[in-house]
Every structure is written in structure tokens, then in C-alpha cells.
């Protein structure tokens, strides 16, 4: 058998795209729109979750202790300082600190706003981690980034809660709770606010106990769970277990899954049509010596090229959508998310191209000689 | 009915302008009587497709006139041309002749969509033509289930179903072998004669000329009668 | 005989493929719309479901229930205001609870006789003084119904005695008499005991007196149900965002349909040339494509609708999807419109095909 030099089909695949820019352009736009949806949905869900339970998920504790009946819901968990002491005595617990949370009205520059007020031990477990500025002393606070963007607070500004004046000394990232501006004050300041808001209340309730652990957190959690009415979760577990968080996660996972399936189906479908239309061309290329492998490369190169363009279109649309959605969510482009989703869409689309490649391999080059007739 | 089915006078087509102008057909004149079937011969690039396109109301000439059944088509709008083609001209093409998803009979009755004849008239004529063309038992087959010869016979049927004045046939035997080609052209000639139609057949195959009344040659856009 | 229909009948495979692709997109849109409806209606029902024509909030509350406080004296003042016919209290607090062996996030609403849900699907309203609740109909998806007990954490057992339609307010929603509500809240949140006797908002009916007049007379904020809903943090934004995604998916549907017909037209340009040569006007060819696009969209819609209903049944009850007939019908309209829009891409290509190309062999 004569050795036939393989035809270089590399440039042909690109030339086809170049010559039918409208057709491939529309397909790239469709992929781009779908990729935009994927990005948008995932970005929104991450943003929503962070603003919903970021304070729970990203604080400095290794474990968060809840009242076991409270199903890891901060507001429903009612503990006391006695419980903090009980937790402190558990083997492997290095430090335990009370965390108290309430929704309350704050007066900021003459306006009132609902805020989530957290009383924590400022250098103890349960305090925010990504802080710019100073740790708060009595009468001072660290506020989350949405308090800066939504409520107009910043380092140096002061506000008033239930008659107590508080000064902002630091700003913390990923420290939002319950989609409210979130304010972290020392526990004693929290007690002062609470007493002023609810005069005559017998005690200041503690919602969680933040714990730092020496050694295996799982074993310590099990030991805490042995205590009456207590349950210990890692911050991530506690965030996942927050009611409402799972419905957000599940809803958005569902949307992501369906959108992903549509991208793959649309790409598969159109390349199959394009391939069937070009079977004679492929047979011709094969007859003049192109290898099967390079024909597969033809299809895969086109898919890869289109998906890359589609990803770029999707990212571009997300960038354009950011100002439009600023009022609703402050979202940003996460390169890791773009990379992961892009790779997944590329992999799914290439896999779907296998249908087209199979179609090419099923016909034989001899058909060309007979004019494609059977 | 006028004795002249087709009168072509000084028909000219020039593509482009100035230095790049190309004259595809130059001053072509031609008359066809009511039952005349002529062959149009010429090498490729000679202008025969351009000529037949102008005669068939598919292309507007640069100069000259075409009268079919006494009606001048050169000045018609695109819409009028379309309607004229549907009612007064029958076409047989060399390939892609039939609508692939319509049966043999439907490929004829589809003309009811465009012709001024009623649905019933077209239906009756379709059945009669299929019978005459020996396709009665193939009427419900799709084109892909028909042989090449059968397909061309369906195309002849479609060209005749609207009872046009002029039949234009473009290389009808291009995708057929010689015997089959001869049979198809013989049948075509017979149908045209029997129905008193004028017909022009473009071909480069001299063996098909025996079925025509006369032949016209076109070379470099000029007719040699 | 319609050319478009004949083609679909003879080559159903490729139309099934385009209908399938449209179907998947419609499926996504319907699921998204169900989420949007579920989230929105499920978190705003309390303002709509009662006989109240207006909701009265404290002046600095920004019309937010959780920030509003109205004490007993204010209630009497509002009830005595000229033009006010009835006035009833409304309050809510969220807590955890258990029922039928599952953990719940409970939105417990307290209401008086004239701020209770009007649409009782099953059972009855709670009796005064009794530890009874009526639940929103969505709660029944969790297997909670009449006779079930709902136990708020650190609170007393509440017996479900009725089911009300469109009465959701966020999480698992239950309505108690306002006095019962206060009793439960005191046991769950002892520190809020100091607020006993107050409510968060008032629902009122009037003899036609306008909201402005009542606001003027009482010095309180008076809002229509829709204004109160619009003031709920996030509810409208969520709806806008999700509906934005729904309409984006339909743009994709239009592009997909458009691409399909662009490709098919390209493939059939010789056939179109022949059809035009034998006298088929552009109008008929365009109509054929239009009919095909409509059919592909309609079949795709049916497929997507069926798929969304099946998936809807499989969704966990934590996913707040609500499939509404009117949304489905509206989206059918959008699907058909977008499908037709996609077909328009090909119209120009078809009309531009030169019938003269039919002559002279394959182009």
C-alpha cells in the first residue's frame, strides 16, 4: 500500500468558519449566551450564599456549637454563658467564646437601617477573619463590606444602636449575615446594646459558641455532641445546614445542570447537522489521503474554537451585566469559576462532537467515487 | 392562438459595465411555432444558460424582447415573471428537479399552489399525466424511491401539468445513461408534439438531437440557426 | 397542501431534533419561571391573602414588617379613624421547628379575624386562645396537613387545623391567632416578652377613604398590598433576576431555531431555486418555513412542559418551585414568538435565492 502523505486539514476547518462567519457566529453567540447564564447563575448563587451565611461560613472558629434542637439556625439556637463554660472544659478545646446575634435597627448618619449585630470575642474563635483595620475595643466595631456599600459605613464613621454610640475601626470581607449590613462588636458592647433594647431581659442570650480546637476537630465535635442539648459543626457544615441555604444551593445546582445539558445538546445537534451536510467533503478528504484522525481533529478543532469564542462572549456579557445588576447583587467575575465552567463546557461539547465524528467514520471513502449514491 | 409560440428578438445580455462588461448573449433572435421542439446546442460558456434563462423569465435581458404566446415578458416585474412562469412555462431541469419530501403525484399537484388552474383541474391532469408517463403505480413513491429515468419522467409531468405554452428543458439526460436518456427525450418530444407545445431543449449530447425538429447552435453568445 | 407540513411529515427526524433542542430550553425556562413564581408568591402571600385593603406600618419602618412596631394604643387610634371599617394585627417571626419528623424553618404569622387568610382550602381557621394554626398550601408538600403538630424550638405544640391558599411568607408558613402568636413568641424568644401586646403591622379595610387620608390622620405609613410587597427586601429583585434569566433562555431558543433554519436553507438552496423557477412565490416558501418554526417551537414547548412537570414532581420540597398555569401559557406565547423570530433569519436568504440558479446544473 502506498504511503499517502496526510492532508493538512488544520487550516481547512478554520477556513470553513471564516467563510461562513454568520452561521458559526450565531452558534458561538448561542453558546456564549448559555455560558453567560451558567456564569451568572453560579455567580449569583455564590454571592447570595455569601451574603446569606458568609458570617457563619468564614469566621475564625474551627467548630460552631449550637443548641442541638436549633438545626444549626443561629437565631433559633438559645445558649447561655454557662454553655460556653461547659464547652470550654471538653478535651481538645483550646478556646471557647460566646457569639450572640440579633437583627436590630441602627441609626447611621440620620437614617435608620436594619443590621445584623454580632457580639464576639474580638480575638477569639467566631470573629471575622478577613479584616482590614483594627480589632474593635468597647464601643467600637468591625463592619462587613455590605455595610460599607449598602449602609455607607466606613472606618472612622460612627453610628448608633439602641442609644449606644459605636465607631467603625475595621472592615471585614466575607462576613455578611442574613443579607444585612453586619456589625461585629465586642461581647460586652453587645450586652450593653441588648440591655438597652430589651430592658429587664433576664440574660443576654448566646446563639453559638465559637471553638478553636487542638487536634482532630471531628473527635472534639463528637465529644461536644455528647453534652446535653449541644451540637458542634464546622463553619462550612453550619452554613450548609442553614435553612434556606440548601434551597438556594439546590435550585441553582438544578439550573446549572440543565443549562449545561442544553449547551452540550445544542453543540452536538448543530455539529451533527454540519457534519451530515459535509459528509461528501469529508469523504473527499479521506479519499485523497486525509487520515481519520485528522478528520476527527477537524470537527474537534471547530468545536474547541467555537466554545472558546462562546466562553469569551459569555464573560463579555457578564462584564456588561455587572453594572446593570449592581442595584440587586454586587457580583464580580471570578476567574476560577470561568476556568472551571469553561473547561466543563469545553469537555462536554467535545464529548458531544463524538457523535459527529462517528458519523464521519461510518461512511467510506469509496462513496466519493460513486458520487455519494448508495 | 398565434402561430408563433415564441418570438425572440435582438435579445442581449451584458454582465458588468465599462471595461469589465461581458456580453453573454448578443442580439439573439428566434421564432418557434406552436408545436415545434428545437434543440439548443453549444459548448459550456457559450451563453446557452443565459439565453434560456431570459426566455424562461428567470433573467431580465439588457436589450431585446421575448414574447411567449404573444405576451411580452421582457418588461415584467419579478412578481409578474414568477406568476408567468407558474402558468405559462414548464421547466425540466437536469438535477434537484423534484422536491425530495413530496411523492411523485405531490410533485405534480404542488403546482396547484402557484397555478391559476383549480386544485381539482391540476389533480385530474396530474393523474392523467402520470398514467401517460407510465408512472401510475409509482405515484405515491418519494423521489428517492424512484430511478433516475422515473424521476425525469415525473419532472416532465410537472412541466406539463399547468398546460403551459412553452416547455424549457435543461440537459435532461445529464444524470442518465444513454438508453434511458434517449427514452426520456423521446417521451418528452412525444408529449410536446401531442399537446401542441413549443419546446426548447438545451443539450450538448448530439445523440438526443434526432428527436427534435431542428437544432440551433450558440457560440460565444451568438446564435447560428 | 402546505410544503412545510409535508416536509415535517416525511422527514420527522430532523424536526424532532430541533424540537428537542427547543424543548430543553423551554424546560429550563419553565423550571426557572417556577422557581421565580415559587420564590415570589411564596414570600409575599401574607400581604395578598387577607381581606385587608391597606397595610399600616410604623413611620420609620420603610414598610418592612420586621422593622415596624404598632402598640395597642395605635391600634385603637387607627380603628377609630374616620373611614376605617376594620383593623387587625399582623406579626411574624421566624424560628426553627419540627413537624412530622422533619426539621423546618418556620415563619409563624399572628393575625386577627380580619387579617387571616381568606382562601381556606381545607379545615378551618384557628380558634382564639387555642394552640392552633392554619398552614400555607405549599406546606402540604412536606407531608404536613390537618392534624399534624408543629413544634417551634423551645415553644409549645401547635396543631394544624386548616390549609390556606397563597398564604406563604418565606419559609414554612403557619398562621395563628395573634394572641397565640404572642404566647409562642414569648416562649421561643423570652427577651421579646417586653413587646407583648404590640404587633408589627395592621391590616385595614376602609369605606373608600384613601390611604393618604388615613396616613395623614394617623401619622403612620399606609401601603397597598403591592407597595408592601415591593418593600420586602429582595422579593422583587429576585423576581426580576430570575425572569431576566428566563428571557435570556428564550433569546437562546430564537438563536437555536434561527441557526437550524439557516443551515437547512443553505442545504436546500438548489431545491428552493427549482421551486422558485417553476413559479413558487417567495411568500409561499417563507410561509412554509414559518409554519415549520411554529411547529418545532410548539412541539418543543410540549416536550419541555412535560419534562418540567416530571422533574417538578421529583424536586425536593426545599426547592421552592411553583408551576402556574398562567405562567405556562405566557411562556407558550414567548416560545412561539421567539421561534417565529428565529425563522425570520432565513427569510432573506430564501428570498435572495436566484431562481435562475436552477438552470445549468448543480451550483
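To keep things simple, chains are lettered A, B and C as they appear, and every chain counts its residues starting from 1.
By definition in this document, a residue touches a chain if its C-beta (ideal position, glycine included) is under 8 Å from a C-beta of that chain, and two chains touch if they have at least 3 such contacts.
Keep in mind that this is a model prediction, so the values were computed, not measured.
Novice: Going by the stated contact rule, which chains contact chain B and chain C alike?
Specialist: Correct list: empty, since no chain touches both.
Novice: Tell me which chain's centre, taken as the mean of its C-alpha atoms, is farthest from chain A.
Specialist: Of all chains, B has its centre farthest from that of chain A.
Novice: Quick one: chain B and chain C, Cα centre-to-centre, how many Å?
Specialist: Going by mean C-alpha positions, chain B sits 62 Å from chain C.
Novice: Averaged over CA atoms, how far is the centre of chain A from the centre of chain C? Could you give it in whole Å?
Specialist: Taking the average C-alpha coordinate of chain A and of chain C, the gap between them is 25 Å.
Novice: State, to the nearest whole Å, the distance from the C-alpha centre of chain A to the C-alpha centre of chain B.
Specialist: Going by mean C-alpha positions, chain A sits 67 Å from chain B.
Novice: Please output the residues of chain C touching chain A within their complex, sorted ascending.
Specialist: 14, 17-18, 20-21, 24-25, 27-28, 31-32, 35, 60, 62, 64, 66-67, 94-96, 103-105, 153-154, 171, 188, 190-194, 233-234, 237, 240-241, 245, 248-249, 251-252, 255-256, 258-260, 262-264, 266-267, 315-316, 318-321, 345
Novice: For the complex, which residues does chain C have touching chain B?
Specialist: Those in contact with chain B are residues 1, 3, 6-7, 9-11, 270-271, 273-281, 284, 354-356, 358-362.
Novice: For the complex, which residues does chain B have touching chain C?
Specialist: Against chain C, chain B makes touches at 49, 52-53, 56, 58-59, 79, 82-87, 89, 91, 93-97, 99-102, 106, 109-115, 142, 158, 170-171, 174, 202.
Novice: For the complex, which residues does chain A have touching chain C?
Specialist: Residue list for chain A touching chain C: 22-23, 26-27, 29-30, 33-34, 36-37, 40-41, 44, 67, 69-71, 73, 75-76, 78, 103, 105, 112, 114, 179, 194, 198-202, 205, 243-244, 246-247, 250-251, 254-255, 258-259, 261-262, 265-266, 269-270, 272-274, 277, 325, 327-329.
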